[in-house]
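To start, the structure under review is shown below, and the notes come after it.
As written, the chains take the letters A, B and C, and residue 1 is the first residue of each chain.
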Amino acid sequence: MHMADALLAPAVAATMYVASGTAAGISIAKLKKDENTQKLPTMAVTAALVFAGQMINYTIPGTGSSGHMCGGMLLSALLGPYAGFLSMIVILAIQCLFFADGGLMALGANVWNMAFYGCFVGYFLIWRTIIRSGWFRNMETKAAIRLKIIIASIAGCIITLQLGAFSVVLETSLSGITELPFGSFVALMQPIHLAIGLVEGLITSAVLVFVFESRPELLQEVNSTEKGIANRQSLKTTVIILAAVAVVVGGGLSLLASSNPDGLEWALFGNAEEGYAENMGLDEEDFGVKSSAADTAAMVQEKTSFLPDYAFPGSESAAGTTVSGIVGGALVAGAAALICFIGGFFRKKKRPGTV
Amino acid sequence: MDKIDRAALELREMDELAAMKSPVHFMHPITKLIITISYILTVVSYGKYDLSGLLIMALYPLFLFSLSGISMGICFRKMRVVLPLVCAVGLFNPFFDRTPLFSFGGIVISGGVVSMITLMLKGVLCLQASFLLAATTSMDSLCAALRRLHVPMLMVTLLLLTYRYVSVMVQEVSIMTTAYKLRAPGQRGIHISAWGSFLGQLLLRSMDRAEELYASMQLRGFDGSFRYAEGKKAGFPDYLWAVLLPIVFLLLRKYNLAELTGRLLMSAGS
Amino acid sequence: MICFEHVSFSYTEGHPVLKDLNFAIRDGESVGLIGANGSGKSTLLRVLLGLLPHRGSVRVDELEVEKENLREVRRRLGLVLQNSDSQMFMPTVAEDMMFGLLNYGMSREEAEERTDEVLKKLGLTELKRRHNHRISGGEKRMAAIATILAMDPDTMLMDEPTSALDPYNRRVVINSIKSLSNTKLIASHDLDMILDTCSRVILLGGGRIAADGPASEILQNRTLLESNRLELPLRYQR
């Protein structure tokens, strides 16, 4: 579910950075208040473990395929939502830098889609609610907790993955990247992630149940009967945090969709992309295309977007653009060859004996 | 080869790349960060049909690959993970956007095709830029740079420590996977009977390791705040590049150089 | 000077790991702490450093090992962990060595100087800028020792310093230990190494001190060693 830079418009990427950054800032403040210096090494080692653990293939019985575990749920169940969230950020950053999973600019969106839902929604709304609930009261305590862990993991993985997948669709569509209609995109993404979520949930629950059987004190919320009162207060904080973040995201995204798209999309150049208008369901002729059509892209767009039918424009200027574009392309290729030569020359000259 | 072993190899490879010596490696990490981000922003800001304008941006990674002496093949190998999603999204464009854009040798090229190729090219270029940053900068100098940029201490320290233990954990998982496979020939992954215990065992051991690590930090006077090795000082060329290259990107974005030159040549010819 | 008086410790009530230990280590002594797996060697080191609570009195010089003295106690003692990966958490060897020095208020220049000095002394200068996850097991162990040595502790505590090393690296480690003038307390069941490096041996068995005396005597006492699940050092076997 890692998004690449190319799938995001800068404005959307920036919004997601702000949203994820806000959540991270709150988490850091929360952890600092704890003043538990031991948390840091535990977070680092657990994050490293989850990073490696996500590469383990688990055979899905009855099929030839394999699944993986869900990092966000596992981390927040072990470390709590705040530490879990920060650990997830670090995992995603390392994946982005060293394994080219997702891009530098898309990191904010990836953190949101994979870490925020998994850690905050997954923890506060699902894990904590279910573990604290009075379900299976008639059963033996241990068996009841085991069942609750399984249900919470599966529900958590499915729901957080659905939210994540939906966000991917939303972010890509808002960025005007794909021509795929919003509805079809959703219909394509959600069912796939339902299946993935179920498998991830099962694997995650297996790991968590194992931890519960061997060292239950490692799991958040489990064995904390008296903590219930103390945590009441943090429920309020949670709601406030969730609300604040929702405002940031909602505000950012609705700004994008507002009636003045020119100011919001890559304002620097003022080229209107019709994708925005289409996806927002706004009327193309009201704005956008008429705005500064300075560069060729906009010119081409203008020519094409006003064509009512699918007839080829046939204008010479369009053909002319093509030919000059090809000539220019050849020049670029020539320059590339030259650059490769010069670069190698510099390198050899400056640092002999390296590489 | 297993995914986990490949990851171990890739980590190793990135370390080796970052340890190389070239003008790019010697550049200040903050400078590289600024240039990379401005490059990515510029690339993604291109219009979806603006293929000819985007082409010129391909020169930057080419130049850097060449200057740093890093092989482009490594980068393409890494892209197999994330590029499929970009391609999948792009592949739908030709079906939904059939607006003809221009004809080339009698074949009508639709807007969807152009936007698909543009999207894929954007994906490749952005990944190359990120890869080049990571491949020419060691994690510790990157962390020092992040501290300079006032990224919270907790975050940077967490990144540093996690990175240190990623290779340890990857190695442990790799050993366990091998041990498992040797006793379970023909299985493609971990059987359901071991779903919990396989990672669970390692997790419990890791908790002990975390305790040991914490003890080791405490014994050397750790009081909750990290004292960092100072990153290297930025010199004049570092400042120059940090300002110059983003401006160049902006200019290239504003004026389609390929097309301008092409048009100039054509008009001179006619 | 390290002094244990009636020291006991238990993880869970009723199952003591250390039972009423009494001994003292004078400055400059090299003491081997031997015993089978689970005899309490590592626990003893942890109690001494204040990482685990204890009953009785543990003193380092004039300082009682308790919360308010921990910082000073830990400055005087240096523990080399058995697992170097847990010990070396910074990216490079040099940064790991400087970590402790900076925490104790040394300036960066001084710390760097001190680092160079120690690396040179141990013949590890080329390791300085290397990454901790990219050096071999033997190099890692030596680097871990360097990390502690850089802090210039009065007493070096070592937990299995020669475990999982090849014969060559084991010899390198033994020689470096021998060359140190600090007080030493070395927990191990590599009895040959203990014989090489220590003049006195404390034998732990079931959480108690089973024997305390000159290394040459205890390590030749086959019955004593075997009753504590140990064997004679190789060189005394025939």
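Convention: contacts are C-beta pairs under 8 Å (C-beta built on N, C-alpha and C of every residue); 3 or more make two chains touch, one makes a residue touch a chain.
Because the structure is a prediction, the values reported are computed rather than measured.
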Name the graph shape formed by the protein chains and their touching pairs; answer line, ring, star, complete or other. line
Does B-C or A-B have more contacting C-beta pairs? A-B
Cα centroid separation, chain A vs chain C, in Å, comes to 47
Report, in whole Å, the distance between the mean C-alpha point of chain B and the mean C-alpha point of chain C. 43
Using mean C-alpha positions as chain centres, tell me how far chain A is from chain B in Å, no decimals. 16
Any chance you could list the residues of chain B touching two or more other chains? 161, 163-165, 168, 209, 213, 217, 222-223
Give me the residue numbers in chain A that touch at least two other chains, ranges are fine. 41
Provide the list of chain C residues touching at least two other chains, using ranges where the numbers run on. 89
Inside the complex, what are the residues of chain C that reach chain B? 46, 49, 51, 71, 74-75, 77-79, 81, 83, 85-87, 89-92, 94-95, 98-100, 102-104, 108, 131-134, 147, 151
Residue numbers of chain B touching chain C in their complex, please. 12, 15, 138-140, 143, 160-161, 163-165, 167-168, 209, 212-213, 215-223, 227, 229-230
Contacting residues of chain A [partner chain B, same complex]: 2-10, 13, 24-25, 28, 31-32, 35, 37-38, 40-49, 51-53, 55-59, 61, 64, 66, 69, 78, 86-87, 89-91, 93-94, 96-105, 172, 176-181, 202-203, 206-211, 214-215, 218, 266, 268-269, 271, 273, 275, 294-298, 300-301, 304-305, 307, 310-313, 318-329, 331-332, 335-336, 339-344, 346-347, 350-351, 354-355
